[in-house]
Structures are given as C-alpha cells and as structure tokens.
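In the two complexes below, subunit A is the common chain; its partner is subunit B in one and subunit C in the other.
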Partner chain A sequence: MGAGALTCLMFVVVALNAIAAAAGLALFAVAIWVAVDGYKLYPISGVSGKDDIFAAAWIAIFTGFAFFLTCIFGIFAALKRSRALMMVYLIIMFIIFLFECASAITAATNRDYLVGNSNLVKKQMLQYYGQDSIQGKQITQTWNRVMEQVECCGADSPEDWILYNSTFKQIYPTYNWPLSCCKRLSSFELQDPAGCKVGLTSTLFTKGCFNYIESVLSRYTWAVSWYGFSVLMLVFFTLVIAMIYFMQLE
Partner chain B sequence: MLAVLFVLGMLCPLNFAEIEIRLLDPKIDGVLTSKFPNSFLLSLPNCSLYGDSSAELLYTELPSNENKTESFIVPSCPVSLPGFLLKNLKNGTTYNMQYKIAGVNDTSANLTTTTTNVIDYQQIDSGLPARSGAMVVITVILSVAMVALLIGLIISFLFSG
Partner chain C sequence: MKTNTVISLMSLMSIWMWTGEGQIFQPELTSNAFLAKVTSNTVILKQPYCVFNQPCPGCEIWLVAGLCSANGTFDALVNSSTTNILSLSPYPTAFNPSSNNFFLTRVGLLSDFPCNQYPNDRYFVVGADGICSGVNCNGVLPDGSTVCFKYLLIDANRTLINSSNWSGNITLPKLLPLQTIYDGLSARSGAMVVITTILCVAAALLLLLFLIMLCVTCCRPTKKDSKQISVMNSIRIPRYDTHNLKERVHPYDNPAYQSDLKNYSTSSTLPKNGARKL
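Entry: the complex of A and B
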C-alpha cells in the first residue's frame, strides 16, 4: 500500500477512534443514569432477585469508560504507526467488546423476565405489599409512591386485589384495596373514604400501574442495551478498519 | 271498561308496590364492581319513597338455609353512597336477598347471586412469558459480531507483515 493511502487510512482510524471515545463516554454517562435509578423502582427488580438490568448498567459504566481510555490510546498508537502498540490496542478493545456485549444481552433478556407480562409484578405486589419483612416494607413504600404519583391502583386494575388473595387482605380484611388507591385532595386527605372503600369509580384510581412500571424498566433497558448495541456496532466497524491498518504496517 | 280499570287501579293500595333490588351495575352506577368475595353492593330502596324509614335486608345462605337480617335506615335524598354494602359473607356461596320496609310491609323480589371466589396468588405463573424481538436481535447480531472480530483478530495477527 502506498504511503499516501496508508496516511489516509491512519486518519480514518484516528477519526473513528475519536468518535468511539466520545460514544464510550456517553455510554458511561447513560449507564450512570440507569444505576442511579431516578424513578426509584429498584425494589421491584431487587426483591425477586432479577436485578440484572442494574448489573448490566454497572458493567456498562466500566466498559464505557474503558472504551474512552482505550480509544485515546488507539489514536496515539495509530499516529505512532507502531505495530506493537496497535496489537495491544486491538486485544484490549476486543476484551472490552466482549464485556459490553454481555451487558447489552443481559439487560435485554432480564427485561423480558421482569416486565414481559404483568404476572411477576402482580404476584410480587400481592405477596409483599403490607408484609412486615424488609422486602415487604420496600415493596409497600415503592407501590404507595407509584400509586399516589401515577394515580393508578393494582397491577392491571384494582380488581387484582379482589380476584386474588394477598398478604394485605390477611392483615386488613375490611379493606378491599390499599388506601393509596383512593383519590386525595390537595391537603392529602382522602376525597371520600367511604366511597373509595366500596368502589365508587369517581373516588378511586381505576387504571393499573403495570404500564408505568413497564415503561420505566424498558427505558432503563433501552438505555443500556440498545445504546450499548449501537456503540458496539461503531466499535466493530472501527476495529475492522484498525485491523486492516495493522496489517498494512511493517 | 277502561273507567272500571282506572278506578280499580286507583283503589289498589301502595302496599303491594315492589322495592327494586339489584346488584349495582359498573356501567350505570359508577362503581368498580358489585360482587366481592365477602360482600355484595346492592341498590338502596328509593330514597324519595322510603327515605329515613328503617328497613331490613333478609338474606339466606343457600346450601345451609341460614337466615340472617341486617337492619338499617334508608338514607334520605340526596344519597352520598349509591349502594348498600352487605358484609361478612363467605366466598363462592350463593345468597338469597330481600328488602323489607318496617311498618309498611313493602317487600322486594328475591335476588339470588353468588359471591366471587379468590384465587391464591401463589398460583400466578411468573415464569418467562416470551422472548421479545429486541432481545433476539441484540443477542444474535452481537454474537455474530464477537465471532467475526475474533476471526479477524486471528487473521490479522497470523497473516500480517
């Protein structure tokens, strides 16, 4: 390959590495957003032991930052036209690529377990809402907050509380559903306690909370797995060009 | 003939008027449901006709024929709660219900319904429902990319220089 073509290839490698470094840094930031869990829905995945979406986010934090550092090293190695440095760069990038693949696949698969349909969330709610254990308290707090903020009740509808038995029903047999399902005034008092207890639809939230929970967990998953996937495709393309450049170096 | 019928009709005392009894309908009465595992939500006797009178709900549990009575005061118009909640029933049992206004001997027809059954929450199948398309695409494409990179690395290390 002529010297001019080699220089051109070198610039392509440097440019792609610069873009990949920026993409890696953005992946680092997005994964931190997921790990911080601004919507505070971690107990719903943590209590059932299926919190791999958050584990994948932690992996993505490390691989995103590692991509950033290694791509800067790659720019340096390409400018120096050194075979040894390019070989080191290729091997390190490949290892980080494997870890990031694991993160993307884990997040996508785990989302299917958690929110593929409303069964797991509903069973967890019926089992742990109102229970006195640590998990029970976490689930109760999470569900109360979701029901009050999103204005919903139950997983699919308030009828979940009537169709199935639950820990809540055993502790409070006179209540059909939790008081967080009732509409409140701006002073936080219940609008109509007697009406809500009986099921008047004007005093009770009638939509289910599953749609909201599913949309939040999906948003976390798309951040880690789809954005991770797109960074990986960019890195794959960069590595293929880097390998061609490596083969042309003497 | 018509005049005779009219006169007879006017002489017919209100004593034989029937009180309406039915389960509340989610579409008409704005309630979530009227059949619970341990209670029923029934329509109240008309508030304009029977407001402030004391009434009784006689209900019979069907297999054992146990008779019970609930006494209450019919609320006057306008009503705050559109129904009467009959509590402390058993799940999956059929009940016969009838209203009776004290003193005037007005009764309603018999209403026969069954309370709902509860399903144990442990029976809910929370296994993997199905794999989404996104998961399959990501897994397949990334696996192919990993293998392609590995082969490319091997080729570039072996066949260079």
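Entry: the complex of A and C
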C-alpha cells in the first residue's frame, strides 16, 4: 500500500478512535445515571432477585470508561505506526467488546422477565406490601411513593387489592386498599376517607401503577442496552478498519 | 273484551308505577358505582329508606345476613320461637359448620329512614366491622359464598313487628390466593431478540476477522520480499561494504557492465531486508 494511502488510513483510524472514545465516555455517563436510579425503583427489581438491569449498568460503567481509555491508547498506537501497540490495542478492545455485549444482552433479557407483563410486579406488591420484613418495608415505601406521586393504585387497578389475598388484607382486614390510593388535598389530608374506603371513583386513583413502573424500567434498559448496542456497532466498524490498518503496517 | 284488557293493563301500570315510586320491600345493592360494591367478604347495600312504611315509635331496622341456603332455617326459627330472635345466631359462631349460617345486625332507627326522603347515594356496608366478636356485630361474610339479606322491624321490646322479603342471591367472588399469579417469563420482546442476535453475530465475526488477520500477518514471509526486487536478473548481493567503506565507493562494481545492466551497487537497488535475511 502506498505511503499516501497508509497515511489516509491512519487518519481514518485515529478519527474513528476519537469518536469511539467520546461514545465510550457517554456510555459511562449514561450507565452512571441508570445505576444511581433517580426514580428509586430499585426495590421492585431487587426484592425478586432480578436486578440484572442494574448489574448490566455497572458493567457498562466499567466498559464505557475502558473504551474511552483504550481508544485514546489506540490513537497513540496508530500515530506511532507500531505493530505491537496496535496488536495490544486490538486484543484489549476485543475483550471490552465481549463484556459490553454481555451487558447489553443482560439488560434487555432481564427487562422481559421483570416487566413483560404486570404479574411479577403485582404478585410482589401483594406479597410484600405491609409485611414487616426488610423487603416488606422497602416495597411498602416504594409503592406508597409511587401511588402518591404518580396518582395510581395497585398494579393494574385498585381491584387487584380486592380480587387477591394479600399480606395487607391479612393485617388490615377492614381496609380494601391502602390509604395511599386515596386522593389527598394539598394539606396531605384525605379528600374523602369514607368514600375512598368503599371505592367511590372520584375519591381514589383508579389507574394502575404498572404502566409507570414499566416505562421507567424500560427507560433504564434501553439506555444501557440500545445505547450500548450502538456503541458496539461503532466499535465493530472501528476495529475492522484498525485490523486492515494493522495488516498494512510495515 | 277490549275494555277488560285495557282495565287490566291500566291496573298493572298503576301497580308498576306505585312500586317504582320507592316501595322496595327487600334489601338491594347500592346503585352507586362503588369499586368495592361486592367484594369477597363484604357487600354494600342501599339504606332501608321507605322499606317499612308503618308508624312504629322507637322501632329499629335490623338486617339478617346469611347464606342463601339458610333462608328457610331463619324463617322456621322465627315462626317457631318469638323470644329474642336477636340472639338467635351470634356473629362469632354464626358460620361454623354446624351453625345457623346467618347473623343479625342493627341498621338504624326506623325514624332515620322516612319515606318522604329517598337519597339514593346513602349506603350501608355489610361487614364493616371486620372479624368482630360481639353478638350482633357487623362482621364479614364467608369468603366466596352466596348470600341473601332481609330487613326486620324490631320494636323497643325486642319483638319482631315486620320483615321484608329476602333479597336476590348475591354471589361473592372467591378470594384468589396470590400464588395463583404466574410470574414467570411471559414473552420475549423483539428488541431483546434483535440485540442478542446481532451482538452475538458481531462478536463472532470480530473473532473470526481477528484470527484471519493473525494468520495472514504471521504466515506470509514470501510476499514481502518479492516487492523489493525489481531487476530482471535478480541476484541477491550481500553488502560487504557497510563497515569500512564510504557510501560512494563500490569496489565490487565492474564498470564494464555498467551500461548493460542496472547498477546493483547503489543503495536504492540493492535489496535491503532480503540481504539481511541471508
């Protein structure tokens, strides 16, 4: 290959590595956002033991930063036109590629288990809401906050509390559903306690909370999974060009 | 004939209008759209306005709540013994296997439910006291049973004055145990399938390309040297004049052949790497 073409290829490799470094850093930032869990819905996945979305986010934090560092090293190796450095770069990038693949696949798969339909969330709510264990307290706090802020009740509707036996029903047999389902005034008092107790639809929230929970967990998943996928496609292309460059060296 | 049918129709219509005006003579479910109108162990009824239209100072309206299969039992007990029917079947043991399967609970004073008012939004919850222990407390009904209700007019001496009809059968839904919810995997989303397949293919391709690249770079020693030698009669001449001779002096050149052949001795035509490998 002529010297001019080789220089051109070197610039292409350097440019692609620069873009991949930026993309890796952005993946690092997005994965930190997921791991921080601003919507505070971690107990819903943690209590069932299906918190792989957050595990994948942790992996993506490390691989994103590793992509950033390795791509900068790749720029240096390409500029130096050194075969050994390029080989090291290719091996390290391949290893990080495999880890990031694992992260993206794990997040997407786990999301299906967790929020494919409302059954798991509903069963967890009925089992743990009001229970006196650590998981019970976490779930109770999470559901109370979601029901009050999002203005919803139950997983699909308030009838979840009536149709199924639940820990809440055993502890408070005279209440049909938790008081968080009731509409409140701006002073946080209940708007109509008696009406909420019998189910007057103007005094309690009638939509289910599952849509909100599903949208938040899906948002986390797509952040890790789809963005990780797009970074991987860019890195795949970069590595193919880098391999061609490696073959043309010396 | 025609006048007969007309008269009978008119009388039927007047009876229908008279009954439609508000003289319900049995307990009924509330007409409000409450979400908890009929749960697995509670029922919400209308308040007994205008059920008993007779003057009766100090009288109270009581409710008989029990399994529909116990309607006959209650009626027989009422007919046979008129002494203190209010303690016939105390709530705590009312629904035991060998018990009467009904209980009585107080709704309110007759004077609280006059006939000239007819608020349709007032309701009465059967089972509001939960699992209670009083004799006539408003306890919950058995889970998933078919229940019937009846109003009784009781006077101050605790004797039965009047009773309404039995209500229709009300079937309570059975409470589902939460273990019946199947929380396994429902379906795989399309996105997950796409991501998994494409990433697996990409990783495999990358590995394959990497191995091909390693094979190609490590196993092609001959290709490189063929490019360097560009003369017709290619003879590799090792350079013996590197150490103690200046670049310009090439004593191994035969000036007689300089015009015919290419000048091997200049550094640009001598094979560099090939010479070293020898």
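Here are a few things to note about the model shown:
Assume the second predicted complex is superposed on the first by the 250 of 250 C-alpha atoms of A that agree within 3 Å, B and C clash if a C-alpha of one lies under 4 Å from a C-alpha of the other, contacts with A are read in each partner's own complex, and residues count from 1 in each chain.
Basically, a contact is a pair of C-beta atoms (placed from the backbone, for glycine too) under 8 Å apart; a residue touches a chain by one contact, two chains touch by 3 or more.
Small disclaimer: the values here were computed from a predicted structure and weren't measured.
Steric overlap between subunit B and subunit C is present once the structures are superposed on subunit A. In the overlay built on the shared chain, the residue A:Asn165 is in contact with subunit B and with subunit C. After overlaying the two complexes on the shared chain, residue contacts for A:Leu239 are found with subunit B and with subunit C alike. Contacts of A:Trp226 after superposition: both subunit B and subunit C are touched. Legend: residue contacts after superposition of the two complexes on their common chain; A:Gly116 is shown touching both subunit B and subunit C.
Of the two partner chains placed by the overlay, only subunit B lies in contact with A:Ser202; subunit C stays clear of it. Of the two partner chains, both subunit B and subunit C are touched by A:Ala104. Once both structures are placed on chain A, subunit A residues 90, 94, 97-98, 101, 104-105, 108-109, 111-113, 116-117, 119-120, 122-124, 126-127, 158-159, 162-166, 173, 176, 198-201, 204, 206, 225-226, 229, 232-233, 236, 239-240, 243, 246-247 are touched by subunit B and, in the other complex, by subunit C.
Listed in rising order, the residues of subunit A touching subunit B in the complex are 48, 83, 87, 90-91, 94, 97-98, 101, 104-105, 108-109, 111-113, 116-117, 119-120, 122-124, 126-127, 158-159, 162-166, 173, 176, 194-195, 198-202, 204, 206, 225-226, 229, 232-233, 236, 239-240, 243-244, 246-247, 249-250. Across the complex, subunit A meets subunit C through its residues 90, 94, 97-98, 101, 104-105, 108-109, 111-113, 116-117, 119-120, 122-124, 126-127, 158-159, 162-166, 173-174, 176, 197-201, 204, 206, 222, 225-226, 229, 232-233, 236, 239-240, 243, 246-247. Here subunit C touches subunit A in the complex through residues 32-37, 39-40, 44, 123, 125, 128-131, 140, 173, 175-178, 181-183, 185-189, 191-192, 195-196, 198-200, 202-203, 205-207, 209-210, 213, 216-217, going by the rule given at the top. Chain contact summary for the complex, subunit B toward subunit A: residues 26, 30-33, 36-38, 41, 80-83, 85, 116, 118-122, 124-126, 128-132, 134-135, 138-139, 141-143, 145-146, 148-150, 152-153, 155-157, 159-161.
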